[in-house]
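Here come two complexes built around chain A, the first alongside chain B, the second alongside chain C.
== the complex of A and B ==
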């Protein structure tokens, strides 16, 4: 169960490297899918890979990775084309088109899968591992395929960075610049399909969509620029892949895909909570600080008003009276103001409670707080300015 | 009665009937999902009801109790609610929210099966692909008849869905086409939406045994979409969707037997044939559209004010 010791194991190292690659590529291309609001295209692409996997197997007659991935890419692209055809030429909306394409391709895939299982003999062993992924099935030879395909798609992203970026954020603008937007969109779809395809062996067709969406969604919470988002998504994706693969390798019987997906989901939840500015906890802390400073301001301004009304700059207000006026205890607020040098204690009469007086700084700040509201300052203090 | 029993004893009849009922129950609800542009929610729900089923199994130790229906309905609503929460937080868009929630829930369910339920027949392949081929093996007594259990279950679910659509037809129609007006008139479109999705979840559970999680999605989305290409009336869309579902069940079974492949998969694939047909013959299909484009446009109608009218 020693996860670090597992790294020494040759198979485990292969799996970890493969998972890191798959996660990083999925994170990078998922960022584009997420920003283009095409997250569910990843779902359709990954489900639609199933018939391709079976066809690749049937045509090649073996469980070699290349023909299987090629088949998956072809049927994935066909499914994306079907979505495009349905939405562009009929009144079917994109959600229904995605659903139609996903379910029909997957249905045909199950038909083919049972056909392979019943007619192609025992050689099929392991095809259904593509449903949920099986890390153990990854051999070093496969790693080369993953590295070439994954590295190739990352290279294309790097080379076409500017084009991909403007098409993602403002397709109309890109079109007005004369960029081949349709071609770029097609390229992006193929790249997303590639990212899905190389993950099939590890994560499986059902859950691969999560590895496309989750790292990108998590990275989006931390980053304001595409560059940062893509890099962070790659890191999150790779982390999910490696941690998930190692955990599933160390506990018998766990499918790899679901573990990877859960790690990625945990990263998303953590990001939604913790990310600076966008994170929920961050916002909660921000709201708390705001409430606190607002309360302090109100106490300060009211002390000032009381002094005004009594025509006495050094008017000492009794804490008990302030508590009653605000309907809640103000002691801690006043003590915080005291620490900032804005109020000071005054002992008015020995038998009464603590009294508070504004300091010179406190008066100054109170005046600044009410000035935006355009109220005339009628006190002696105001007249001396 | 013995004639009916003899008929029901044929495996093929039971399988086709179960498939047709799954199709009718699913496409009745699917029509509204397609119109509300929430089709992919059915995909999300069909995946995440698994966690309801698994948890119910872990609690009761049995595979078909009323708790499973409750668990699945709750899991489906949980999916919708979590998606809603994510969207309302404005941190992710709705498509990404769907894609974040259901894989997480599904992954938990698969791992629970991996860890706690390895040897029950609740294995992951069956979940995805269904085992409609064995539907006729598990029978219960209904009055004088011995009927397949899944046939009874699906019949009940189909009747519930039918009653839902018939009795709440007006509310569903209004909530689907004009949620604002529905709210203004004092209906609760949100409530109708949640009821619809709860029924989708329950139907998904019933369909699990028969066609599996993902093929259920085909029955929810494809028949209504095919019907949508053929007609502009809601009730016709509902009826046509059911016709497509029944036709796919019969045709799919025949194909599956002929080629010895997954029956559920073949039935779901058969819905695709009907979609293709609708694309060709439907008045909103590709062919009709191409013809409309080639046809000469009618001259524009111009209203000329009558002579002597007000200037």
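== the complex of A and C ==
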């Protein structure tokens, strides 16, 4: 209730719109980063943005968003270039190169940040909000910048959809069609960098990578096609942004970034558990159902074998005997088979336990189960005991 | 090995004979070679993986490129399609540089070179074969998806059109890749290890498909590593081990001397010109 009432507040609405935009763009480009296994590149890009933020501020002499974002983009790109240089010219592997580049640029950024705060006057102290993000710092003018950069990125993705998709899935094949794969990959890296950069003010350099990866990772669980994954990631990202921004706006002193990231992480956890086919619970349920049907099959086959052993297709097996034969209780399995019309109860002496006999359908199904193994396969006999 | 191996000249001789015959019998306005590679040299971080390779594949043959691991077989195909820049040499497809002949070539990468967990369907992958024709900004439509479906039917995979590619078996994935090449309706098919890790059903399906392509006058150049089957599946052979050892009709190239030159003296040959498994 209280949170919904916040929408009436002008400042809060500005923040919510900004966060939705940032989340959506991060979700879309994060999908590509994730599928290209470049998630950590996002981390390096965002940490390496810190020195650029400070430099942008120093050069422009004000806290306007454009020079700050431009600075962030430049040092982010420099860090990405350093990674490329390290992996190409040395024996350092890409994960180590990303780590080296990230820490180098982030350390440099931290030094610059302390310098700016000490020497450039008190009004500039707000710069450290870029570490964890600050919703309140977002003004309507900033929204225009975010919308232009973010909207532009999405437009490029929409226009180049086929090329981005084919390059991400099968770069060699894209090359064989004559597509400039290096250029497309470069473009994609720039777009990912832009998605990171526009989120820095809200989410902060330290956690921005989460907003790039989390919505995409969650969407991957549900989607069957790239189209669906990207749209869903955008929705997840926007939702995380809005909810996180509203929560942090409603509680004094709460940094925006961590709250947004917590919301996004909650969506990831839910997706990992619940998504059909890929979700952990679904897989558990699937395994359970499989085990159940396997048990039913084994009971059917056992009944059939017992009937064969007695040279009597209508031979009724006593449930207690089946339990022993099977090594565990079979009552629930038999009742389920009865509901499916594969077995039926046979009447014996009242003091004896229930007896079961295969129906015509049950006999048919048992034969089908046995057939691939040969009519009297001894290994199957062994396996069923 | 070099001491015992045939030199370049020795290896080239049957090739020239084979070429001459193929080109002569073809007798069309087409250039003599579907694929013509000249002095191709390629390196990975300074080491030569292909050295001065000359390859001439006549049109209308099923050609296998065979050689030990690291012989540069895949690299050769990548140089042809421009996925890798050679250090030296030229590639001509039907008499022209590849750049001008892209629409006549379909490339099938190694199945393991892509992430099959990518969120997409079999039909979608096959539709990618039409991207070349569609150009940059046009989206595939109904007609394109019908074509893709037909190509899937040709490899017996139409029932799996809407299946996630991650849920397909290795053989099914390979057939999806082949369907993507079929939909390109090319004249030259370049396939990197089409038989690697597939089940027997798929292997038979691929063989039938190759023969069908040949019957329609298409040319296939496939990287292959199974010496047992090369003579039965293919009719033209290039033996490669960084250098080109020999090329020409299988019956002429598939000999103990050539195989020893490619694989080293330890290769054991069973029968004459028959089976030749590696020891």
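The criterion applied here is as follows: the second predicted complex is superposed on the first by the 374 of 385 C-alpha atoms of A that agree within 3 Å, B and C clash if a C-alpha of one lies under 4 Å from a C-alpha of the other, contacts with A are read in each partner's own complex, and residues count from 1 in each chain.
Throughout what follows, a residue touches a chain if its C-beta (ideal position, glycine included) is under 8 Å from a C-beta of that chain, and two chains touch if they have at least 3 such contacts.
Since the structure is predicted, the reported quantities are computational estimates derived from the model, not experimental observations.
Student: Should the superposition on chain A be reported as showing a clash between chain B and chain C, or a fit?
Tutor: Pair status: fit.
Student: In the combined three-chain arrangement, what's the angle at chain A toward chain B and chain C (CA centres, steps of 10°)?
Tutor: The C-alpha centres give an angle of about 90 degrees at chain A.
Student: Should A:58 be classified as contacting the first partner (chain B), the second (chain C), both, or neither?
Tutor: Touch status of A:58: no partner.
Student: Counting only touches as set out at the top, which of chain B and chain C does A:91 meet: first, second, both, neither?
Tutor: first
Student: Just chain B (first), just chain C (second), both, or neither: which does A:187 touch?
Tutor: neither
Student: Applying the document's definition of touch, where does A:220 land relative to chain B and chain C: first, second, both, or neither?
Tutor: both
Student: On the A-aligned overlay, A:132 touches which partner chain: chain B = first, chain C = second, or both, or neither?
Tutor: After superposition on chain A, A:132 lies in contact with chain B alone.
Student: With both complexes placed on chain A, how many Å separate the closest C-alpha atoms of chain B and chain C?
Tutor: 8
Student: Would you tell me the residues on chain A in contact with chain B in one complex that are also in contact with chain C in the other?
Tutor: Common interface on chain A, chain B vs chain C: 220.
Student: Provide the residue numbers of chain B that touch chain A in the complex, in ascending order.
Tutor: Listed in rising order, the residues of chain B that touch chain A are 34, 37-40, 42-43, 47, 89, 91-93, 95-96, 98-100, 103-104, 106-108, 110-111, 114-115, 118, 124-125, 128-129, 212, 214-215, 217-218, 220-222, 225, 228-229, 256, 259-262, 264-266, 268-269, 271-272, 275, 279, 284-286, 289.
Student: Touching residues of chain C toward chain A in the complex: what are they?
Tutor: My answer: residues 78, 81-83, 99, 102, 105-107, 109, 113-115, 118-121, 124-125, 128, 131-132, 134, 136-137, 139-140, 164, 180, 190.
Student: Write out the stretch or stretches of chain A touching chain B in their complex.
Tutor: Against chain B, the touching part of chain A is residues 34, 37-40, 42-43, 47, 85, 89-93, 95-96, 98-100, 102-104, 106-115, 118-119, 128, 131-132, 206-207, 209-210, 212-214, 216-217, 220-221, 253-255, 257-259, 261-262, 265, 268, 272, 278, 280.
Student: Looking at the complex, which residues from chain A come into contact with chain C?
Tutor: 35, 159-163, 165-166, 168-173, 175-178, 220, 223-226, 228-229
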